[in-house]
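Heads up, the next two complexes both have chain A, just with different partners, chain B and then chain C.
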Partner chain A sequence: MMLPFLIIIPLFGAFSMPIVSLLGKKIKEYWAAIISGVTFVVSARVFYTVWKTNEIILYTLGSDSPVGRGVKFPIRIVWEVDLFGALLALTIAFVSFLAVIYSLGYMKHDTGLEKYYTLILVLEVGMLGIVITGDIFNFYVFLEIMSIASYALVAFRNDTWEGIEAGIKYMFVGSLASSFILLGIALLYGQYGTLTMSYLAIKIAENPTLVAKLALAFFIGGLLFKSGAVPVHMWLADAHPAAPSSISAMLSGLVIKAGGIYAIARIVFGIFNPGLHAYLRAFNAPAVNMNVVGWIIVFFACLTLLVGNAMAVVQTDMKRLFAFSSVGQIGYILLGIGIGTLAYGTKAGELGLAGAIYHIVNHALIKALLFLVAGAVIHQVGTKNLNELSGLAKRMPLTTFSFVIGAAAIIGLPPLNGFASKWIIYESSAMYNPILAAIAVVGTVFSLAAYTRVLFTFLGRESDTVKEAKDPEKSMMLPVLTLVVIIIVMGLLPWQISDKIMIPTARMLEQLNGEYIMALLKFIGGA
Partner chain B sequence: MIPLQFVTAFLMVFMGIYAFLYKRNLIKLILALNLIDAGIHLLLISLGYRLENGILPTAPIYTGYETLKGTPMVGPIPQALVLTSIVIGVCVLSLAMALTINAYRHYRTLDVNKLRRLRG
Partner chain C sequence: MFGYWDALYFLYAFLIGLIISYLLMKWAEKVSTGTRRTGDGAKIYISGEDQDKVIPHFEHLRGYFTGRHVMWGLIRGAHRMFLVFKREHTGLLTDYVAYLLVTIAIVLGVLIIGG
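Our next item is the complex of A and B:
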């Protein structure tokens, strides 16, 4: 059983870091790289197991069975990993590994590095915990582990006002959102007396009260905060540019997905399953109207993808532009999830969900690449203002090439990986409602305008600030080029990946036959 | 009839949200966050409290005591949850205070409205 090591290894690495760093000057870097590398191998093993057997892994902490002795309901903390969780765990471990490698060169001139590497591993633990847990309070604990580590990392360079201001804004908004989520958990626990997600699903289907709907509202509200959807996206545009670039890559690529999108999908499809509630409504039984939830998600998705991409066009700060572009891309993912909720059980719903999952993975890779490129530029030139950066292409050819690949992929040009996922989202939204597809395409036009502007800056006439610039050292170029290769390779096999991985993942998340619930019911017996 | 402790808990949460929206001092904002958390903790802990036949429930750690006369026991899970949540709250509080000190060093003010050099 490999699953517990997914948490044990990075947690051990994080808390042994201060001791290990006493041993020598360079050891802490290598220790962080080894730990995150081993975590990546473990996550690949877990993903392969789940993908091969196509079965949900249910692991109980400290026992064989989640069911308590002498009672007929689960009382222990369970971890429940389906293909969606395993796929995200793989993405998280991979991008974190690359971010750590990148930090070897990028953070060389900073002090307090043992704290930095401890925090980065704690951040990884938090995200991995969120995607494998099956207990809603355990989810909250991991969410807070992740959030606290990311607040601290945003403010890591505390000698600059930029990091501190962004950190404070991020922390207040994030803590308020966490409080909403905790309130939702308290309400659900008070009403149903259980914290296991799949058992909550059964209990809510038996008796969906007003309290359950209120809790759902608190969850969706809090998680939209955390994922940076539009009316509450301002913290994201401040926090992601202010962090060190390796952290920006993790924040934009992973944190808003694990702590926001993944949790929304898990709560909507795992706890309040649309199919289950539509079935109840068909018999006039009391049920939560999940269509309303779906339309709320779609509404925020459309707003997010329009405003995020449009705001990206007017930015002069390169990292801020990428951050707003992240907001826009979150809109596409939310749109896919919203259509998956609305058109549950039909072809369009399945495609929408598959597109959303595909885009989560693709955007994690692409946005990590873009932020790492921005970090390379900052490291070599010392500014991220687009007006001073013209003409980098001649001085930093490899970096510029990587940027071109990343920008083309995020706009969705055909031979790269962003194309397939965006295409699936367009296709599913066109099948459900053509107006949504039109809105999504308008968002892409804005995104195209924003990235073309950066591209012209890179290719333009050489300015004085970039005369001395050259491509950064190997340890920084290696993760960037790895990402470029993966983006191109994934772009060459778009439909194979979609059929082999993303569609099964969407089916498993959708759980048409209640697989997520059945994995627990096997232990209870009967029912 | 809603029990009084639930009303108090939600009052505390709303007071916290009010302070969070209308106060401008960083320290007060941190207190507001803690007030919201405290309200939720009160809600959670009072979920585990139950009165059976008018006998006061005991804490679950006195196991010998409660088996003696069959006195009711308060729910142990909310207590575990609240303990965990308090620890998390302390982490957030200490980080918030550290950031506030740093912000004061850079800006020479605790007014959150003055913290807006970042823009775009």
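Our next item is the complex of A and C:
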């Protein structure tokens, strides 16, 4: 069983970092790279196992069975990994590994690096924990581990006020959002007496009370904040640009997905399954109206993709532009999840979910690339102000090329990976409601405008500030070029990836036959 | 599912749109429905009666041509929207908290009533 090592390895790496760093000056960097590399291998193995067998892995902490002694219901902490969780774990481990490699060169001149690498590994533990856990309180614990590491990393460069201010604001409001999530968990536990997600799903379907709806509202509100949806996106636009670029890549690429989008999808489809409640409603039994939940998600999705992308157009700070673009892209992912909820059990619903999952992976790769490019520019030129970066293409051709690939992919130009996922989201929204598709396309127009502006700046007349610039060192270019290659290769095989990975993942998340619940029931004999 | 190259339809639609808008513009110029070509350094008139009035914020548009009201309204509207966006947010912690509470309140209200 490889699954526990997904947590054990990075956790061991993080806590051993202060001791390892005493052994020599460069050892901590290599230690972080080795740990995150091994974690990536483990995550690839877990993903391959789940993908190959198409079965959910259920692991109980400290026991063979989640059922407690003398009782007939699950009381132990379970980790339940379906294809969605495994795919996200793979993405998280991969991007984190690249961020660590990039940091070798990028953070060379910084001090306190043992803290930096400890925090990166703790951040990775938090995210990996979120995507593998099947216990709602355990989920909260990992969410807090992830959040606290990100607060600290945002304020890591404390020589400027920007980072400190952004970090403090992020921490205060983030803690409040976490408290709402915790309140939701407390309400569910008080009402149903269990914390195991699959078991909660059964209990809620048996007796869907007002308390369950209140809890769902607190979850959605808190998690919308964590995913950076409009109108609670402001922390993101402050925090992501203030962090070191390798961290921005992880925050924009991974943290808002694992701690926000993934959690929303898991709670909506795992705990409050739309199919289950639609079935109950068909017999006039009490149930949660999941259509309302779907429309809430779609409403915030449309708001997010329009405002996020439009705000990106007017930015002069390159990293802030990318941060707002992340907000916009979260809108597309939420739109896919919303349509998956509304059109549950139909082709449009399945496509919506598959598109959302596909875009989570694609956006993680693309946004990581763009932030790493921004980091390379800041590292070489010393500014991220677009008005001062004119004519960079001539001095940093490889970096500019990487930017062009990233920008084209995020806009959704074929033949790059962003096209396929956005196309599936457009398609599913057009199938469900053409107005939603039109809104999504308008968002993309804004996105196009924003990135074209950066491109024109890079290709424009050379300014004095960029005269001395050149492409950065190999350790920084390697992750950037790796991402470029992956984006191009994934773009050449769009439908193969969709059919072989994304659609099965969406089906497993949708659990038309209650697979996520059944995996637990096998243990407690309730099937 | 659509085919991979079906994205080309976007291009077709764009090109057809371009041709239609060009023809419309030519027609509008010909029948002078408020669209007129002006020379170098000429002012844009937002109405035939008030020839001195330059479009606020759009002084740089001199030498181009524009419609009488519709174009003016559209461009000004878009410009104002981006001006609002540029102001972004206050950056005050209390505002961040207020937005979070309002969002949760909306979700809570909708779910209690409709959920």
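The working rule: the second predicted complex is superposed on the first by the 525 of 527 C-alpha atoms of A that agree within 3 Å, B and C clash if a C-alpha of one lies under 4 Å from a C-alpha of the other, contacts with A are read in each partner's own complex, and residues count from 1 in each chain.
We adopt the following convention: a contact is a pair of C-beta atoms (placed from the backbone, for glycine too) under 8 Å apart; a residue touches a chain by one contact, two chains touch by 3 or more.
All figures in this text were calculated on a predicted structure; none of them were measured in a lab.
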Fit or clash between chain C and chain B when superposed on chain A: fit
Touching partner for A:162 - first (chain B), second (chain C), both, neither: first
Touching partner for A:479 - first (chain B), second (chain C), both, neither: neither
Partner chain in contact with A:141 - chain B first, chain C second, else both or neither: first
Partner chain in contact with A:210 - chain B first, chain C second, else both or neither: second
Partner chain(s) touched by A:310 [first = chain B, second = chain C, both, neither]: second
Contacts of A:177 with chain B and chain C, given as first, second, both or neither: second
Touched partner set for A:238, first chain B, second chain C, both or neither: both
Partner chain in contact with A:259 - chain B first, chain C second, else both or neither: neither
Shortest CA-CA distance in Å separating chain B from chain C in the superposed model: 5
Overlap of chain C and chain B interfaces on chain A (superposed complexes): 169, 172, 176, 237-238, 311, 314
Contact set on chain A toward chain B in their complex: 137, 140-141, 144, 148, 151-152, 155, 158, 161-162, 164-169, 171-172, 175-176, 179, 182-183, 186, 189-190, 195, 237-238, 242, 311, 314-317, 320, 324
Residue ranges of chain C in contact with chain A within the complex: 1-2, 4-5, 7, 81-82, 85-86, 88-89, 91, 93, 95-97, 99-100, 102-104, 107-108, 110-112, 114-115
Interfacial residue positions of chain B with respect to chain A in the complex: 13, 16, 20, 26, 29, 33, 36-37, 40, 43-44, 47, 77-78, 81, 84-85, 88, 91-92, 95-96, 99-100, 102-103, 106-107, 112, 115-118, 120
Of all residues in chain A, those that touch chain C in their complex: 169, 172-173, 176-177, 180, 210, 213-214, 216-218, 220-222, 224-225, 231-232, 234-235, 237-238, 288-289, 292-293, 296, 300, 307, 310-311, 313-314, 351, 414-415, 419, 423-424, 427, 494-495
